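Got a structure for you, questions after.
Chain nomenclature is as follows: A, B and C, assigned in order of appearance, with residue numbering initiated at 1 for each chain independently.
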Amino acid sequence: MSCLVIAEHDNATLRASTRNAVSAAAQVGGEIHVLVAGSGCTAVADAAAGIFGISRVLLADAPHYAEQTAENLAALVVAQAPRYSHLLAPATTFGKNLLPRVAALLDVAQISEIVAVVSPTTFVRATYAGSVMATVESADPIKVVSVRTTAFAPAGDGAAAAIETIAASADQGLSRVVSRQLTQSARPELAVAKVVVCGGRGLGSGEVYRQLLEPLADKLGAALGASRAAVDAGYVANDLQVGQTGKIVAPQLYIAVGISGAIQHLAGMKDSQVIVAINKDPEAPIFQVADYGLVADLFEAVPALTKALG
Amino acid sequence: MFLSSEHQQVADMVRRFSDEVVRPEAERLDREEAFAGDIYQQMADNGLFGITVPEEYGGAGLDCLAYSIVMEELARGYSSVADQCGLVELFGTMLCKYGSAAQKTRWIGPLIRAELRGAYCITEAGAGSDVSGIKTTATRRGSGDDWVLNGSKLWIHNAPVADVAFVLARTDPAAGKRGMSIFIVDCHAAGVSRGPKEHKLGQRSSQVGELNFADVSVPADALLGLEGRGFHMMMSVLEKGRVGIGALAVGIIQAALDASIAQAKLRQQFGHAIAEFQAIQFMLADMAKDAQAARLLVRSAAMQMDAGVDAGMASSMAKCFASDAAVAQSSNAIQIFGGSGFIRGYEVERLYRDAKITQIYEGTNQIQRVIIARKLLQD
Amino acid sequence: MKILVPVKRVVDYNVRVRVKADGSGLDIANAKMSMNPFDEIAVEEAVRLKEAGVASEVIAVSAGITNCQDTLRTALALGADRAIFVDTGEMRGAELQPLAVAKLLQALCMKEQPQIVLCGKQAIDDDANQTGQMLAGLMNWPQATFASKVVVAVDKSHATVTREVDGGTETLEVSLPAVVTADLRLNEPRYATLPNIMKAKKKPLEIVTPEALGVDIAARLTTLKVAEPGKRAAGVRVADVNELVARLKKDGVIA
């Protein structure tokens, strides 16, 4: 058994999601290598080498990996694949974009967004917006697996592993990143934050969303999230969306404000440790998953809560 | 009931439209007694007017079964909206059957596209069930071909907003039922006036009122079909109208059922969801039974019409049964909700108020029974 | 320019899916089925490209049991020009998986030569999010996933796609032909108008088989069991903000 984890990074910093994927690999067993493909990314390779439980970092540093396009990375992963029984990546938009292309090129199935490893051939994953947990088994010679980061604790630090430079594969020349518009925020990242404050359509506008929720999030050191309805209505940008087709989060504390609790939203947050719901409709479905439910007008309750937190 | 692929597609599409566009507005439209102009524009854009009108005139070219499905699904969102659909369907049907080429071109498209609003003017103060009691007259002007219209119609749907009125008037007082004709009248013409909007118990978004005609000049080409055939033409479209209103009533029952099931699961008393109590379960079962029975009667009548078979009795039974069931079951729905069902803003409160008129318009249920008994006893 | 739009028939998003009491499978025998919502968005985008004069033909494709033809009729009613149904039959208890679908689409792409394949980013039943990317790999085409905006160049040599990614958005230029997968905010799909539902009946719907396309559709993954996730313990209602804060402090979730 041997696992190759494809690292997620921005050429300067290794993303935490890689550590969750390594944890999943550790449960599969065998040797774990991490692939770092980028441009000018030796710092990332160094960081990856320090992850507990891995024995080697494969570094492919080339200009055409700078933007880490799926076409170029897939060709590289496929070239490395024969040495491994398992290929893993975090189920972030990076991993979701890349991994299926790899699987198809290897003519194997992919098991998407696993939440548990039962054995090296058997995994558990969520379907139907998390209503049905399926245990699936793969008989393919290589298992291609994307990992739901919230289901695996991030691997800690360990002794530095060896870093092996490998040859880059050819530039496929199929696509080009023109630009990226990434949110700059001092707040913790939604996917990994310990506390999440999430706003829904009930807030009424982007301005109210910011006025009411930002002070609360500040007090709690929380990340901000939003329901699909709030994003569709334009209150906030798409990267704040929590749900079946947005981000899956599992913080210690999740506060849902003005969110009714459609199944598609619950899919994104029902594994949170403590769920608080504030909604004026006592029959809102969100109250069925909330540990603490406050039926109140959010325009009064949220400022009151912010104040009560001292 | 097993629907063909197309009919299922129609049902799915209208259900979705009704859920997304109609239902969210129902409470406000009822509260404000507001004309649902925006919704009607969207319906026009999506081909939801003129269901059985042929494609060449801009309609969907579907059958009566499809029409009954459309009416039920719209009514499940809000019955006033379905009633508007039924009204336009009536105009489309009359124009297609009896209109001249010029009349079809002039009126069908604009009515189906919701560019013009129509009013169907039969009822008068002295003539409800007894249409032969109408007093509105149309007399020839001198020796020419134009007509002069005089009379008063009341409780007319769309009267406060209508651009065009289809008016039943006596053209030959001595000839009784064979002396009536239908005229297509411009509501903005001199001599046409409207009474104030009526404030009704239910289906409050439907704008209802009087239309008065004082020496209104009506050109010869405004006569629909043949002179003296007005009563007959009116009777000939009754079956479709009954199917439509029957379907509308089914939509009300279904909405009541859906709301009642949800409430029964949610509401807790004595440590249990009330859905666990047999009294509630029996009420739900009867509500579902009635909804399905009404639906099947309506669809069966529709299919008979589509097959070209006389559907007089079938459509009467469907309208009568469905509307009686809508009144009875919307009352039970309030019972399931208890006190909250009595509060404005709760859907079942409105459904109960919306249901009542279905026993009255489109031929009272007493008239329906007369029709059914007559057919039973005629041989 | 042809656009191929794969569409999947799935359990309607409103249906609460339950696992059968004996754990043998899902209780969806009578569930309402609909077109995957992301695929509707893909169809809408393809039809808009045709209405804008960029594409000349929109071809809808579906694979599975015979009822998939209903989904194709819906695509036709939404504006697709013709449809292709790949009849896989019941597959004796197994299911049609993304890799097999990608191979079927590959065979069809070789035949039809579309410039763009526009599909939904994921199906709401399996939530796999794989088929589009797999097809792109098999065809050695570029892929633009999670698209929120698609602009085709005037000379149709490439497309500029805005993608929704974890940290915000990315603008990606892909040469054509390419696979684009649609995300939620790409557009708001139209309703199939009643007249168009009628017109769809007359549009061509071709039926083919996996054998005729030379594709092995055998499932690679076996589902050993399905189960509903554990339910959370029932929560409590708090009377006011002060009670909420007290309880959260007691739980140690806030300081």
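Note that in this section a residue touches a chain if its C-beta (ideal position, glycine included) is under 8 Å from a C-beta of that chain, and two chains touch if they have at least 3 such contacts.
For clarity, every value in this text was computed on a predicted model and none was experimentally measured.
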Closest chain to the centre of mass proxy, which here is the mean CA position: C
Chain pair whose interface holds the most contacting C-beta pairs: A-C
For subunit A paired with subunit C, centre-to-centre distance based on mean C-alpha positions, whole Å: 21
Rounded Å distance, subunit B centre to subunit C centre (Cα mean): 39
Distance from subunit B to subunit A - Cα centre to Cα centre, in angstrom: 53
Residues on subunit B engaged by subunit C in the complex (per definition of touch): 5-6, 8-10, 12-13, 16-17, 45-48, 51, 55, 59-62, 66, 70
Touching residues on subunit C, where the partner in the complex is subunit B: 34, 69-70, 73-74, 77, 191-198, 201
Contacting residues of subunit A [partner subunit C, same complex]: 69-71, 74, 92-94, 96-105, 107-113, 122, 126-140, 172-183, 191, 195, 220, 228, 231-232, 237-239, 244-245, 247, 252-253, 263-264, 270, 273-276, 287, 289-296, 301, 304-305, 308-309
Complex interface listing, subunit C residues touching subunit A: 11, 13, 16-19, 26, 38, 97-99, 102, 121-122, 124-138, 140-146, 148, 160, 163-175, 178, 183-185, 220-229, 232-233, 235-238, 240-242, 244-245, 247-248, 251, 253-254
